[in-house]
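Take a look at the structure set out below.
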Amino acid sequence: MSEIVATIRKNYIRKILRSNKRMDGRNLTEYREIKIEPNFIKNAEGSAMVSLGNTQVLVGVKAEIGEPYPDSPDKGAFITNAELVPLASPSFEPGPPDENAIELARIIDRGIRHSEALDLKKLVIQEGKKVWIIFIDIHVLNHDGNLFDASNIGAVAALLCTKIPVAKMDGEEITVENKWVKLPVKNIPVTITLGKIDDKLILDPVIEEEEILDAKITICFEKNDLICAVQKIHGPLTTEDLEEAIEIGLDKSREIRKMIEEAVK
Amino acid sequence: MSEIVATIRKNYIRKILRSNKRMDGRNLTEYREIKIEPNFIKNAEGSAMVSLGNTQVLVGVKAEIGEPYPDSPDKGAFITNAELVPLASPSFEPGPPDENAIELARIIDRGIRHSEALDLKKLVIQEGKKVWIIFIDIHVLNHDGNLFDASNIGAVAALLCTKIPVAKMDGEEITVENKWVKLPVKNIPVTITLGKIDDKLILDPVIEEEEILDAKITICFEKNDLICAVQKIHGPLTTEDLEEAIEIGLDKSREIRKMIEEAVK
Amino acid sequence: MSEIVATIRKNYIRKILRSNKRMDGRNLTEYREIKIEPNFIKNAEGSAMVSLGNTQVLVGVKAEIGEPYPDSPDKGAFITNAELVPLASPSFEPGPPDENAIELARIIDRGIRHSEALDLKKLVIQEGKKVWIIFIDIHVLNHDGNLFDASNIGAVAALLCTKIPVAKMDGEEITVENKWVKLPVKNIPVTITLGKIDDKLILDPVIEEEEILDAKITICFEKNDLICAVQKIHGPLTTEDLEEAIEIGLDKSREIRKMIEEAVK
Amino acid sequence: MSYFFRKEPEKLIDENGKRIDGRDLYELRPIKMKVGVLKNANGSVYLEWGENKVLAAVYGPKEIHPKHLSLPTKTRLRCKYSMSPFSTPERKKPGPPDRRSIELSKVIREALEPAIFIEKYPKTAIDVFIEILQSAGGTRTAGITAASVALADAGIPMKDLVSACSVGKVDGKIVLDLNSLEDMYGEGDMPVAIMPRKKKITLLQLDGNFTREEFKSALKLAIDGCMKIYEIQREAILNRYKEQKIDLI
Amino acid sequence: MSYFFRKEPEKLIDENGKRIDGRDLYELRPIKMKVGVLKNANGSVYLEWGENKVLAAVYGPKEIHPKHLSLPTKTRLRCKYSMSPFSTPERKKPGPPDRRSIELSKVIREALEPAIFIEKYPKTAIDVFIEILQSAGGTRTAGITAASVALADAGIPMKDLVSACSVGKVDGKIVLDLNSLEDMYGEGDMPVAIMPRKKKITLLQLDGNFTREEFKSALKLAIDGCMKIYEIQREAILNRYKEQKIDLI
Amino acid sequence: MSYFFRKEPEKLIDENGKRIDGRDLYELRPIKMKVGVLKNANGSVYLEWGENKVLAAVYGPKEIHPKHLSLPTKTRLRCKYSMSPFSTPERKKPGPPDRRSIELSKVIREALEPAIFIEKYPKTAIDVFIEILQSAGGTRTAGITAASVALADAGIPMKDLVSACSVGKVDGKIVLDLNSLEDMYGEGDMPVAIMPRKKKITLLQLDGNFTREEFKSALKLAIDGCMKIYEIQREAILNRYKEQKIDLI
């Protein structure tokens, strides 16, 4: 995007923001339409296709048997990975995950980790020897802004519908039974992302807004309104911005959580 | 090569093709001179230096003891690799194998695999535990066209003269005896490569021809005239082209097979 | 550096060299000020910060328990690595070690290896099973010429002050006691680096000199005046140059060795 | 969810000539195609072919960086076939393309290129991305089929569509459109792509053991299959202009 | 030298409200800063913060290669945070930056950029290198603190310094400037950077579990901490011009 | 074929002063050299030196990409030494060059460069590729010897050839031209290259333990060896113009 186009668009977006409206007609603190389709991928142990307006994210969960980390022999593990495949946006390039893909994966990972959404102790097959390793793969299919919230919804919904087989260890031998149980998910972290333009905070920025934001913030809330992860992105914020963002986020996170629970029922 | 040079050369090649002749005086379905020198490399378990006119390929076979694939505990394994080292052509670049090197290796591999040239069951040292892994390394030394056929001849000749030591397993202990046996080779796949220019099929294209081909096809024949691998490359072909190619290939493949058997005697 | 600047500087350096002096006032065979601060890094098992004029190198030694190489089951191992981090010079680029970093690491490694500075047999925990692997990490912080000698001093000083815990093996179980012993260092290899400009050999070249050298040579001496490693770098030398270099080096290496021993006392 | 429990079936074709998924020998799996599902791409297709789920997106014609890669008299067509980590029973580690994907990207490019008027946009690039979301046998032919329609959706001037499907040899019989079990345990596999109007063959690969006669009848069957695929492609393109908006979900 | 013997302490705060290293809840670790320690860099800082040892170097403004990466109206700020192999109790394998370092490099760049007049040098690059020589909790905030002074030392025109420190939640209490044990075994960690003059927050991350009220008081404490850091930074810059030559050792 | 059965010999020099392969202490292994064996390269050499089999090819002078790598007043000489996977008793995995190959490529380049009039072709590159097909001790000196002749074969203007061979210390004695067992189990190794006309030393490396006197006599022996190599090189170049066509096999 050329600098001139950016300036014109910024002025346009600012102008309508002054009347507390958005380019696409939304209010400042309104999400785009959210659709969640769980179990989209049969070859995954769990999955969810999510759309947030035109932002589309597919998350797959796979389970493998592996060894626990040496410093937590009594816990399973999970790994969160995000791919910004070039199919999803003219700005995505082939190659290894760049800083944006890595930041995305790490934020989603932190929300799940610090809310203890996954009960890792229940993923042990035999302590110190074999545990389940859960892979959460976030695949962005179309990038139209706010990848964080779309990915978080996808990841949590996918985890909630994941089933893994029962595995047992007898000596050195592992037996995997064709008997499937739900993944032990005990919390639903919800990220809420707001952008700042001038002195306004806007929820769920669309890509045209993201490109001109002064700053962005993602806050992850647990079920009981605790804050379990925060990431400020791009430019500076004030203490007041943060308080307002938390205010909005607390509210919205409860709505989104309900939506996810509904979708995977 | 500039586009103008290509056009001039294409016109020249076409012109002589109209009288069913080639740039180098060959008939349409004539190979260049083929030379095979087996056991060229002493440090390899088997090897062959092959020249097809000015195309020169050296293939080495090495054997290592390793673990079988989990889904075929009763079989050894083989891996085919091709390197287009920059020494061999001004168009080859240093770096990891590109799509041409990978395609070359995979086609040679498929011919060997689907003709079951290597009796993998005989490469087991102890089922599920230890097997021989055979590495077929194709090293192109000078690229003057038709790398596929030169490489296939080299790979098959190298396999035919490969000897591996006798290995036994006693408990967890492996013993390798200084007693060498022939690799169990039970079939000789032969690839035949034809190019198409206008409505003519030409056998064993030289590099100047390859650069202006409309299409190319490689067909791999087993001992008993079965077709075990095909790869169409570059542009389109018709059903009639394919039938003609098979016609030519059946014949030529028997000749080449004899030549290989002769060379490794 | 442009070619013109190089020519002017070369002429200037040559001119003062004619009176057997250097840009910075040193004699031809004089080192810059050498400072050695051992145990700079608490998280390392041993370390030394070294400055050679404005050339600054930090070397850290870490110990890990690992498996011996199959062909030396009765020996521990060490690995020397050098990083030319971009912080240290405008000419260093981010990325994997280039030929200069690799050459640096390999020369330091060879001096230590061929002088048998480390008594690898004493690093065995259980023969054929577990040994100590010693990592020598050379981190260049500011490059002002003669990285080889600064790095060698750092590496040897760091080894001399390294302590590793006592480890024992009982069956398959490894116990590491909180009891620390000195690394078994039995020799102090010292590299001496000389540059050649016109017909002069100069010791410890500063970067402005290095950039215009005709040739460079690094000779590594053991405690008993044996030569254990040599590397000629860049342009040609004569037999006479080499004899002179050894003459100078024998002398200087004893001085530097004393300096190192003093510093780690 | 089944890779822990995978087992080779006793036979792939039963006594009534029915295949393991109930199909006849010359029957295609059910196919569903949506055109224009991705907003950012210039052209896009979502294809369900049996249990395959495939996305194809086209970006371009567009400028090329670095410039020395551009061709003076034609478009550079670039294809990237890739499998998402959850597309296969065993997780596919993300990372640089493996050797199979590199080869497939090449043959797919060569299957598509003859159908494009590449002289129309000299010095530009057209990027075709094929993303296998779920894989169940025949992903390369599904990918070509989807990509060819995505190219049309992107408004790229084309001589013809490219229609692809595979044939194979299973329990000694030549059958159309292998599923994953047939692919894994059958005796041969032959993916084919054609430009349907003149029946030019733009992809042909073969693995396995075919007599000359088997090859001939397999090729005929493949071309017949491609013609059926062609009908489905044309219908999907028509639908594109009937619907207001086509969503992935 | 302790990773073989690492053990979780029974409690991180004792009955007298003292932390495991003897500090009060709102007390910073000792900080020592030397400016101009590296001859080659345009600006450089060596910082000891508790047992952290950090070097920051700035090169630039300088030309960009390849040119298409340059920005027409501003400087491209590039940051690289990296840990030396011996900086951590367990050796950190050299190699391409890991995912944590890539994320940290990004957030550090975003923490520093608002303080720089990046419009002053269009089409150029400024490189900031942060090298963690010894790590003991809070390296990213130490890195930002050092880098900001190194930028000033390089003569880069700046709107303000950037001062950073972390706060956290340990044994249920909000504390300033986590050390490595508190970082590892505490309940939460929140690194913050500010531009002190207008108290603009340029870095904010959080991991752990905070109530809304805890978050509020943690943020206040962090800003207070940053203001103390700011004083130390200013003093270090002044010292730079007092001393003839500042050596690393 | 012997790596499974490799064993350290009891002694490397017998009571009659004969080496393990029957040579005298100051004797070279048999050497065979063919010039012009590769059609595509501008210059090429196939060298058998004992059981070493080495190919060297030269491409250039040629344009450099990207351009900013070109040097305004001279040719950029680039060297790549690499070992084929089957060249060693244990298979050498293909892939990016290992650390040894990178160092060798550097010292080989520095051994060859002084012999070339690099000012003749400013802004160009000359590529030297050395491919070790079979390795048996002394591949770097064999590579330099072959490459230097390949440069001449390519018509590159040269001040002199470069002739190389190694000396070493084996069972306490200084010997010429180490074979692989002597290289592996000897006490020292010293590869040397010279420009024979003025006896300038362009490669000198040493590993092992040499007294000052041993070093001196080893160097003298190496230079004598190089002079013999020089004769062989000159003869091979002459042969190039006698034969109609020189084939690899």
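Going in written order, the chains are labelled A, B, C, D, E and F, and every chain counts its residues from 1.
The rule is simple: contacts are C-beta pairs under 8 Å (C-beta built on N, C-alpha and C of every residue); 3 or more make two chains touch, one makes a residue touch a chain.
Treat the numbers as computed from the prediction; the structure is a model and nothing was measured.
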Worksheet, complete the sentence: Relative to chain F, largest Cα-centroid distance belongs to chain A
Worksheet, complete the sentence: Note: among B-D, A-E or B-F, over half of the C-E contact pairs reappear in B-F
Worksheet item: Which one of the chains is farthest from chain E, going by Cα centres?
Response: B
Fill in: Centre distance in Å when chain B and chain C are each reduced to the mean of their C-alpha atoms
49
Discussion item. Measuring centre to centre with CA averages, how many angstrom lie between chain D and chain F?
Written reply: 51
Discussion item. Give me the residue numbers in chain D that touch at least two other chains, ranges are fine.
Written reply: none
Worksheet entry | Residue list for chain A, restricted to those that touch at least two other chains | 97
Response to the item:
Ring order from chain A through chain E is A, E, C, F, B, D
Worksheet item: Can you name the residues of chain B that touch chain D in the complex?
Response: 3, 97, 99, 102-103, 105-106, 110, 113-115, 217, 222, 225-239, 242-243, 246, 250
Item to complete: Could you please specify the touching residues of chain E with respect to chain C in the complex?
Response: 1, 4-5, 38-41, 51, 53, 55, 57, 59, 62, 80, 82, 84-89, 91, 94-96, 127, 129, 131, 133-135, 247-249
Fill in: Complex interface listing, chain C residues touching chain E
35, 37, 40-45, 47, 49, 51, 54, 56, 58, 60-62, 64, 81, 83, 85-90, 94, 96-97, 135, 137, 139, 141-144, 163, 165, 176, 178, 180
Worksheet item: Mind pulling up the chain D residues that touch chain B in the complex?
Response: 72-73, 99-100, 102-103, 105-107, 110, 113-114, 188, 190, 195, 199-212, 215-216, 219-220, 223
